[in-house]
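In the two assemblies presented below, subunit A is common to both, partnered first by subunit B and then by subunit C.
Let's look at the complex of A and B:
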């Protein structure tokens, strides 16, 4: 079987709010000095889901795909180090300034070109724009079923079973392959590659495809020309409130003072 | 300029959901005298349609087929598509719910258009819709315009104020859809909420990893009981849920629930942006943390620096002392 993991390299979402800055003229986040970009957290978990199934059923090839500039190779290498077999980077100037639609379009065309893909694993959302639509987009464009926000994923007898996290419950669904799943942190921690695996992954060559390699796509379909959403403005909301630290000799006095304030404000 | 706006409705048995009512109010305002329609799928949809008319809808696209009672996104998308084809709206609004999250992107890709997820406001800027949404874990806000039609947006609960509808009647149009889902639901467990739900509670007490273990939540539960369990509900940070200390259904934040209570107390929660994304709309925020530099204090009105193991029992005593 052939699984695809879609992986995105992003600015570290654990950047402390004090180091989070925006270039308002360019509508871009300014990378915080000294904080390296990372593989989007949920994509590591998507890779983990695929690897667990591979370990169980054997005979699975895992290809990790990333759309982005050359630096996205780091995300690919990380998933390779975790145990994926092949890497594919989709890189072209024409892909720049696209949106989630064009991202899903390019990824789906690459998956079509691979030809024999049985299952696609995505993160529930990329931890930069927090949008959560590319996995569903791929499934819609390929006209295959999709289950989102999985906490358990299994593949057997040519079908995929996904236990999904709902806001108020849990649901298990089954769908025939090929299928797409998006995974959430409830699945568990992604494995940490061993040094030897990191070194092996570093040596692996990553295949690169550009626009010309995707025969069904033209320049007008992708990047800025193909996008459906335009980012008009990016800004940091002002939600700092001036905190008043409650004073007191000890915890009891502080607690009494807080309760008094809450009662005075008619909140308690 | 008046606009044609469609809301994808949600309901629970015999009651239209509060967020759907909010969306109808928002749609009425944004339509500027144009038309507001709703899509309702499932057994009681004709009953719900009259509630939707009272809340501002002029037209309801419905199917009362029981086939929609379980949400199967790939079937729903075809039904909604039928309504969109007939109505040709400028804007389609969905809840940022388990349904909207699944349906919004599917619709957008089916209709070759764009969807903005998890929006907190939509404006009509000189005839063009602009959607504002949190991103970068809540650290930033992005404003998007749409370069294809219809514009689609999923909306966070409590983003639009409920306005009195014109309690009118409206037209009912039957939806045609014979599609068959490619997905089978084999099991479904709905968490039963005992007492007050997290999203309705006027007071939310939220525990984090700093509690050190699940027993910390027992202490917070005791605080909730002192305040009154008809008012206070318990929430948890993701770190505490991931450690298995508290049920995932009570997770507050970007990937959990969004709460907007009158009072939110974060106890041993650091206040990461992804957590604040779920509670920054609270009217008053209080933080209890042993680290005076914890980010949670920055968003708080009041703060106590200290060990929660001392502060929480002291709060219980202070409340009980009257």
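Let's look at the complex of A and C:
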């Protein structure tokens, strides 16, 4: 079997608020100096899901694909160290500044080109823009089924079983392969790689494809040119909050005063 | 009262320090005394005895040779197993240091003196065995060689000290018996075995039977004819007088003598055979292990050379240890000292260093012969172990509970080093098996990705500088690099510490700079958590930065950074002069550059962080800084200085969930609260965090909670800040 894990490298969501800056004129996030990008957390979990199945059924090849600049190799290497077999980087200036649609488009074309893919694992959303669209987009473009927000994924007898996290419970769905699943954090932490694997991953070469390698795509389909989504305004919201300590002789009085205030503010 | 206590303690100290010397002085004076007695014409010039007057001695020599043979064979046979281990790296010759250790720690038993009762007891027993061996040897020489010297006054003196040390031995054994049977749940009973009873009772009966032999001989040969000789053997003489009351016939007495003589001899030899089978071997192994003691700092963990080419990372099987680590297992006497002081054990967490060593030893005994055999037959040595050592024999949670605080190493009377052994197994877990507690894993991942262990911090490395005006960036022109560290810059609570250190450096007029955004973790947490690979990457990176910036001297307010720079970076060719901020502050106060002028009227207690105190031996500088502050009074906790208890954060436990009945920081906070002090002063940002967390958990706010502070914060309050501008 052949699984694909989609991995995105993102600006570190753990960036301290004071270092998080936006260029409002260009509608862009300014990468904080000295803070390296990281693998999107949910993609690590997607890789974990794929690896668990590989461990169970054996005979699975896992290819990790990333769309991004050369530095995205780090994300690929990380998943390779976890135990994936091959890495594929989709890198082209034309791919830059795309949206979820162009990303799904390029990824799906790459998956098509790989040919024999049985299952695609994505994170439930990228931890930077939190759109949660790419997995669904891939399934749409490849015309295969998709289950989102899975907390448990299993593959057997040519079908994929996914336990999905719903607001009010859990739903189990079955899909015929090939299929796409987006994986949620309920699945568990991504594994810590063994040193042996880290060193093997470091030695592996990551295949690179650019626009020319994906025959069906033109320059105008991808990246900025192909965007379907227009970003109107990017800004950091004002987040003012007032703190008021409720005075009072004892707990009861404090509670009374609090209730009075809440009423005043028409919250109660 | 105080005075007499002082005198008593200094007497004890002298006794403690110089008991060997004391022994010689005692012997010397006794010799002079006997000479004097001779001068006064006291009868004795012809005193002597026929040594083996009643028995045939040759079987003893047969027994003795058999025993020696057995002993040698046993040790060699077993000893060959140690060498299934790896070679010991960095074993420097340094003979004077080694001999000094062998004498000081091995023969003079320096470590045992940390427990006064044990020191008296153990001294009595050792001294008695040494002197009585000497006595016996003289008897043998007298009887079986042409040398004859046991007569006259020396004979009388010989009789005297023979008895005296016999008695001292009985006193020692009695103390031991008392502690073994009458003290509730003493540490020596945490892993009690049959051999412990055998060794004690064996020696007891050896000594007692010796007195009986002597008393029967005295009854027969001296009591009536030469009572004034007999009196010199004062214990046996008393016993003989008692035996005499029964009016036994000469024949019976003579038979009783033969019987007791043989019993004594058999007892002695059976007791000596215990060396081969029991912990009694410690009297050979302890001095040897002292001799083998490391020559570098205990704060240094071993470097895995060419880490990328290793087949196994860390220690996963018994033969992955080095031979010294295996040898050490055999030296352990199950005394429980290590476990008694282990913070994890004190807090009821699943780690007891004694049991860890003993479990490894049992595993060694079971597995080493198989490994040796497989090795000899060219088979796969990794396939022979019946149980997996890391995980089965030694539980993972035990390895993770260790604080690398070194308390066990400090106490161990036979100089076992638990910490490297524990970390070696952690290395295996992390690098080979990738099995690691989730929270520690998060810290490691954060180190990899963000260069600091504080996942989710909202601070930047420069946040602390806000409002401080110009903070000089180190560019090689300044004397000192002030290394702030991840904890000093990224943890909210510690910013005031950093600011205080900064203020003090300025007030002292020193030339310094900081690295600001360029600081990255020096790798200590990775190394302690067992990820040596990551440590080496981080360390090499930072050493490069230091060298590029031409850093020569570093001041840091984190003892972990201090230890890493000072003791571990030289392994990677990073040699810098490193000062802990308390050392710098102490120097600055002494040279008059800093003047604590404002009085702080407070009782404070001082907590020695493990990595400044026990591991780097700096107890005085911080105390002197505190003492220089007018009005300030230090109240020591019961466990202080080298006996100090860890705050709980060490060994990467800052980033782990604790399992067990209690948390170490709660225990230590309680100890601080018990002093009644109003401030709990330490020298380490981790300790401070642990106490900020621990104190509220054990002391209610109404009681006027003790407040944790770093020394720098306290001192800064006492400095006249107007002087800062100069």
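Keep this in mind: the second predicted complex is superposed on the first by the 242 of 268 C-alpha atoms of A that agree within 3 Å, B and C clash if a C-alpha of one lies under 4 Å from a C-alpha of the other, contacts with A are read in each partner's own complex, and residues count from 1 in each chain.
To be clear about the criterion, contacts are C-beta pairs under 8 Å (C-beta built on N, C-alpha and C of every residue); 3 or more make two chains touch, one makes a residue touch a chain.
Worth saying up front: this structure is predicted, and the values here are computed from it rather than measured.
Bringing the complexes onto one copy of subunit A puts subunit B beside subunit C with no clash.
Of note, the Cα-centre angle with subunit A at its vertex and subunit B and subunit C at its ends comes out at 110 degrees, rounded to the nearest 10. Judged by the number of subunit A residues each one touches, B leads among subunit B and subunit C.
In the superposition on chain A, contact of A:130 is made with subunit B only, not with subunit C. After overlaying the two complexes on the shared chain, residue contacts for A:194 are found with subunit C alone; subunit B is out of touch. In the superposed model, A:34 lies in contact with subunit C only, and not with subunit B. Contacts of A:118 after superposition on the shared chain: neither subunit B nor subunit C is touched.
Applying the stated contact rule after C-alpha superposition, one finds that A:228 touches subunit B and leaves subunit C untouched. By the touch criterion defined above, A:85 reaches neither subunit B nor subunit C. Of the two partner chains, both subunit B and subunit C are touched by A:17. Shortest separation of subunit B and subunit C in the overlay equals 7 Å (C-alpha atoms, whole Å). Subunit A residues 14, 16-17 lie at the interface with subunit B in one structure and with subunit C in the other. Subunit A contributes residues 11, 13-17, 20, 22, 29, 99-101, 104, 124-125, 127-133, 136-137, 139-141, 144-149, 161, 165-176, 184-186, 227-237, 239-241, 243-246, 250-252, 254-256, 258-259, 261-262, 265, 267-268 to its touches with subunit B in the complex.
Interface of subunit A with subunit C (complex): residues 12, 14, 16-19, 33-36, 38, 189, 191-199. Here subunit B touches subunit A in the complex through residues 73-74, 97-98, 101-102, 104-106, 108-110, 112-118, 130, 134-137, 139-148, 182-191, 193, 227, 238, 242, 248-249, 254-255, 257, 262-263, 272-274, 276, 280, 283-287, 292, 295, 297-307, 310-311, 314-315, 317-319, 321, going by the rule given at the top. Every residue of subunit C that touches subunit A in the complex is listed here, in rising order: 307-308, 313, 430-436, 438, 441, 444-446, 449-450, 455-460, 463, 517-518, 533.
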